[in-house]
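Worksheet for the structure shown next.
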Amino acid sequence: MSEAGLRLRLALSRPDFELDVDLGLPAVGISVLFGPSGSGKTTVLRCVAGLESTVRGSVRVGNEVWLDSATGIRLPVWRRNLGYVFQEASLFEHLDVRRNVEYGLRRTTTSRDGGDALQAAIELLGIGHLMARPVAQLSGGERQRVAIVRALATRPRLLLLDEPMAGLDYARRQDIMPWLERMRDELSIPMLYVTHSVDEVARLADQVVALDAGKVSAAGPAGEVLASLEGPVVGSDDAGSLVHAQIAERDHAWHLARAEFEGGHLWVVDAGHAVGKVVRLRVLARDVSIQLHEPAGTSVQNQLPAVIESIAEGLDGAQSLVRLRCGSALLLARLTRRSVSALELTSGKAVWAQVKAVAVTS
Amino acid sequence: MRRLTATVLTLLAGIAQVHAAEVTVAVAANFTAPMQKIAQAFEQDTGHEAVLSFGSTGAFYSQIRNGAPFQMFLAADTQTPQRLETEGLAVAGSRFTYAIGRLVLWSKQPGLVDARGEVLRGGSFQRLAVANPKLAPYGAAAIETLTAMDVLQSVQPKIVQGENIAQAHQFVATENAELGFVALSQVMTDGKIAQGSAWVVPDDLHSPIRQEAVLLTNGKDYAAARALLEYLKSEKARALIRAYGYTVTTAGR
Amino acid sequence: MPSLTEDSLQAIELTIELASLTTLLLLLIATPLAWWLSQTTSRWRAPVGALVTLPLVLPPSVLGFYLLVAMGPHGPLGQLTQALGWGLLSFTFTGLLIGSIVYSLPFAVQPIQHAFEAMGRRPLEVAATLRASPLDAFFSVAIPLARPGLLTAAILSFAHTVGEFGVVLMIGGNIPGQTRVVSTQIYGHVEAMEFAQAHWLAAGMLVFSFVVLLVLALMKRRVGRVMP
């Protein structure tokens, strides 16, 4: 990885757990640490922050070295230029919102222009109207937004987020998600984001690092890791792929939008994005079907010519997962094994993929 | 099971035996040591058993008024037995002085206290321990002594009060006070003062510190209680009492 | 109608002075001690914790006796104070203050320690990620969050000192204006069967203590409302 990126080598052992991670991550965007509980996601975050005293290895953020066991460097937490958003809202209950978000700001040496950073963060997360409130009067979603602003106000070199939405119900998660997407698109610092939710991976991740039992099982750009047949989500109901596309046209009469990508396009439900906006489309494997010839007279809005890249069988005896390439996009299709056999599907075969417009999220 | 039965039978036998010849006595704490010796001799000589409880005279008074099962009371003063008699809790006419306390000015430092108590007139000490004169007869006697010597005024700022004579003794014994008025019985072992320096205050400097015993209403019809009362007046008992630093009256009263 | 004597007023004044100073000093001593006990993983934690709790177990008069021995010319404390040229502390206000602090120590340490423990490590970790040094985090986060515990400690220390008796009798020597506090004064009146005086003083002490405890409890409720 480049000088500007994040370089981690972490080793930690506990009686029932071994962590052994070697990672390089880009200098911007959200890198999601993904995996089942107990896989070590949060521990990685705590090691990077310096909250785990027994970790060995090295942590380098750009040109700053925070940990290097070889040379005995170990910066205390409070000297590391980072922001940390904890799983449960960890606001200081004895301070109001303003004093909470100013807590870190007052303690940064570069607070000369810190006021600007705070103001920008307040606007980015939309909490301006909450500033005078006592913490006890905030909703769960508001608390997490305040916690994020508090972390950003210190102008961190790295933002760590530990399942920031785990404690929220579905509606609150939908509330806060757009704010997080905005952060990803507008902030120019790397973020390490821990979650076990495929949905959050699909909507937020630029990079995905899949962890299993303290080791990295897959890592790479989100689209690739998600569409990988050996990937971490293949067995689940949420299996699906990620397509980066650009809104090319909006059909106001039918409330649909056409999203273009290199080598094809998809009609999706119009979510209000302006023409030219880059969107992430999540296509679930169960919503993709395959035909041998160009379909006609179907209710399905999207037909894409595609080539089969690989087939994974035996998920549960009855089903297979087929990976398709369609221009720059990768799609997953969940089919019965009988269909795979009847259509004589094999790697390299050219087919038509059908995707329901309503099934595409952005 | 057989063992349990045997235990129960032994216990029952024991209770029966004790019941026949037992006297329960409340004893002022300062008289603990001599009373243990006397009870031993009493048991040997008469076959009766004396069950002894030690404590403060004031506490015993409250307990007796509230139905404590004592049959006899050896107080540290004269007022308490008198009050019990007035209140009908003690057998009229049974009161008598069993011991007279001797006051002693004592220090743990050898040579500090001279044979005439002149040390009280000088400035060679910081603290003088005295039992609370309002509560303890020894304390009242100490103040009388200081008054008689005409030094109360000058030593007043140096006085530290113990709640009772035992506490006053602790103040001196731990040397937090260089000297203090204590009971001769507290510092005497085997008929002499064991350590430090002391002045046994002459009788004529304070009114006598009489300790009275009384038969309580509870023990009125108890042969063992009456026997112990008489035993306390015996020459054997009086010798024991004297050996512990008390004086005794010639007559019973 | 009898009213309070000069002696009693003096005892009241002394009691308030003693209880206030004891409370103040106890908070200063107990807070770092409670902090250490709540944070440390040292093997000394259990022994020190037990030592702090001991005054709870010992009868006051026994504790008083050991304090008397310790403050005496051959005791460790007495040796120290003599070496420093302060003389002996027994039968002095300072000695009484030390005795009260030892006697009430568990009442101050435990609520504060519990407050720190209930808070958990998380607020301090948050503070550290916001650039607060450990000392900074202690004052800006731990102390404010432990405020209910600190108030409880203050209430208990004050009340316990006002009601203290056995230790005072033992190391105080009942000197008017120096070591004669309300509880010993009442005791003296009761033992001497001066019940009228005792009642007046006891009633006064009850009313005063009630008011103090009430005010502190109300303060605590207000603090509690800010922090549910």
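To keep things simple, chains are lettered A, B and C as they appear, and every chain counts its residues starting from 1.
Methods note: a contact is a pair of C-beta atoms (placed from the backbone, for glycine too) under 8 Å apart; a residue touches a chain by one contact, two chains touch by 3 or more.
Model, not experiment: these values are computed from the prediction.
Novice: In terms of CA centres, which chain lies closest to the overall middle?
Specialist: C
Novice: Taking each chain's centre as the mean of its CA atoms, which one is farthest from the centre of chain B?
Specialist: Between chain B and every other chain, the largest centroid distance is to A.
Novice: Once you find the CA centre of chain A and the CA centre of chain C, what distance in Å lies between them?
Specialist: Each chain's C-alpha centroid was found; their separation is 55 Å.
Novice: Rounded to the nearest whole Å, what is the centre-to-centre distance of chain B and chain C, using the mean of the C-alpha atoms as each centre?
Specialist: It comes to 37 Å between the two C-alpha centres.
Novice: I'd like to verify one number: the distance from the centre of chain A to the centre of chain B, where each centre is the average of its C-alpha atoms, in whole angstrom.
Specialist: 88
Novice: Enumerate the contact residues on chain B facing chain C in the complex.
Specialist: Of all residues in chain B, those touching chain C are 58, 126-127, 129, 132, 134-135, 159-163, 167, 170-171, 174-177.
Novice: Mind listing the chain A positions that touch chain C in their complex?
Specialist: 49-51, 76-80, 82-84, 86, 90, 92-94, 103-104, 107-108, 134, 136, 150-151, 154
Novice: Please output the residues of chain C touching chain A within their complex, sorted ascending.
Specialist: Residues 122-123, 125-134, 136-137, 140-141, 144-145, 147, 226-228.
Novice: Considering the complex alone, what residue numbers of chain C touch chain B?
Specialist: Per the stated touch rule, the residues are 65, 68-69, 71-75, 78, 87-88, 90-91, 169-171, 173-175, 187-188, 191-192.
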